[in-house]
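Notes follow the structure.
Chain nomenclature is as follows: A, B, C, D, E and F, assigned in order of appearance, with residue numbering initiated at 1 for each chain independently.
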Amino acid sequence: MDKSMLGDLDSLPEEDKIRMSAMIDQLQIRDSLRMYNSLVERCFTDCVETFRRKTLDKQEETCVRRCAEKFLKHSMRVGMRFAELNQGAATPD
Amino acid sequence: MDKSMLGDLDSLPEEDKIRMSAMIDQLQIRDSLRMYNSLVERCFTDCVETFRRKTLDKQEETCVRRCAEKFLKHSMRVGMRFAELNQGAATPD
Amino acid sequence: MDKSMLGDLDSLPEEDKIRMSAMIDQLQIRDSLRMYNSLVERCFTDCVETFRRKTLDKQEETCVRRCAEKFLKHSMRVGMRFAELNQGAATPD
Amino acid sequence: MAAKNGPTNLEKEQIFGMAEKEMEYRVELFNKLTQTCFEKCIEKRYKESELNMGENSCIDRCVSKYWQVTNLVGQLLGSNRPPM
Amino acid sequence: MAAKNGPTNLEKEQIFGMAEKEMEYRVELFNKLTQTCFEKCIEKRYKESELNMGENSCIDRCVSKYWQVTNLVGQLLGSNRPPM
Amino acid sequence: MAAKNGPTNLEKEQIFGMAEKEMEYRVELFNKLTQTCFEKCIEKRYKESELNMGENSCIDRCVSKYWQVTNLVGQLLGSNRPPM
């Protein structure tokens, strides 16, 4: 998600551009909170299997850390590839 | 989703009816964009299994086409049945 | 979801507090409608397996009732534990 | 500000907001119904792009049963208004 | 328009918007937690409508562990404010 | 009220609303793409926190194929504008 779309809105007065920019900021905040929720859900689901205690054991904690780091790296890589495709910069196979 | 709900809003002035109608249009646009996203996700998940190349092979492409057509036909049939039930026009077993 | 957040908004005039309160009410309505939708989806998916008839049989109906009751009890218990953790009232293992 | 001229702005916001939530609910119901019945009824190998007879009758029954589950759960939740 | 009278309309929009996003986040967290712990703890054959003892203690521990994972991920993301 | 001064308030609402839906769509597309390719490409035992070479090339191909499926479905739906 970027602000390139603002280019289409030149007919709007300054005040509306500010409003549009604020709307985009808010969507980005919502987006990152959702990402955070999804990340927690995924790593919990994949890493926590037993409920004999109410605290995470070492193994579960390690698993969650790796899962979260891997998800973030994955997400950044997807973002880069996605941006390339959006710019029509597809490379040969 | 239809506009029958507008009947409840007779007390509102003309300007508000227009606004309500615009809101419904926007929800329909959002709805169809979400449907599109779900359709892509489903057909990708069901049809693309291997990642040895970066382009779809013939078999994957055929699978995606059929999946998408089937999903649209399915969705239309569900919509018809759903509308019948909403109108209380349930037929015997 | 509670209204404790309103405390942060003391700088706003009365009219805005009312508006904020209305917004919270609307989010709660949306929340309960979503919960309802999820409950239906889950109990349908878990309890209805065959499509030889167009009406629920006794066994399916019983299953749906139990599933829904169980889900509601589950949801209330989660809500209580969640509230305790939010208030920092975690008890020992 | 003038009370005799129909609803105030805040009341209008609430009417619009309620109508919006109601519609969102119906759309979500329809989407979940569509996804769930696709899962239950459709052959995933996609050997053809037409729905076959078995799939068609499965869809009809699936929608009908989903509707009944919606009403049944609505009764259990004690809601008086029809859920759809 | 008068700057001395508290926040401007645009600032108000942003305060309202932030509060709305924050609440949406909490609701979504609660919903995911509820769904995930139902998946992990509840017997799906639905032989009775009560939660049994095993399910009850599983739910308590599941909520507790989910909370810990939320905090752990929050730390990793470098967020200073408490995620809940 | 003055027609010569650019869009009316209602028209502005629609422009803002459309832009918002469009951005929501892109965000949702990106999120589904991320989730789906994680599911398809990532080793779930989490033995390390780095992406290995196999995962990295799987991700690149997965994104590329997902993009193609998006375009293919867009053509089938008869949409003229690019879906992304």
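Definition applied: a contact is a pair of C-beta atoms (placed from the backbone, for glycine too) under 8 Å apart; a residue touches a chain by one contact, two chains touch by 3 or more.
Since we're looking at a predicted model, the values are computed, not measured.
Taking the mean Cα position of each chain as its centre, D sits at the greatest distance from chain A.
Among the other chains, E has the CA centre that is most remote from the centre of chain B. Computed from the mean C-alpha positions, the centre of chain C lies at a distance of 29 Å from the centre of chain F. Centre to centre, using the average C-alpha position, chain A and chain F are separated by 12 Å.
Each chain gets one centre point, the mean of its Cα atoms, and the points for chain E and chain F are 25 Å apart. Multi-chain contact residues of chain D, defined as those touching 2 or more other chains: 24, 41, 60, 64.
For chain C, residues touching at least two other chains, in rising order: 19, 34, 47, 53-55, 65, 69. Remark: chain A residues 1, 5, 8-9, 11-13, 16, 19-20, 23-24, 27, 31, 34-35, 38, 42, 46-47, 63, 65-67, 69-71, 73-75, 77-79, 81-82, 85-86, 90 touch chain F in the complex.
Of all residues in chain E, only 10, 13-14, 17-18, 21, 24-25, 28-29, 32, 36, 39-41, 57-58, 60-62, 64-66, 68-70, 72-74, 76-77, 83 touch chain A in the complex they form.
Here chain D touches chain B in the complex through residues 6-7, 12, 15-16, 19-20, 22-24, 26-27, 30-31, 33-35, 37-38, 41-42, 44, 46-51, 55-56, 59-60, 63-64, 67, 84, going by the rule given at the top. Chain C meets chain D in the complex at residues 15, 18-19, 22, 26, 29-30, 33-34, 36-37, 39-41, 43-45, 47-48, 51-56, 60-61, 64-65, 68-69, 72.
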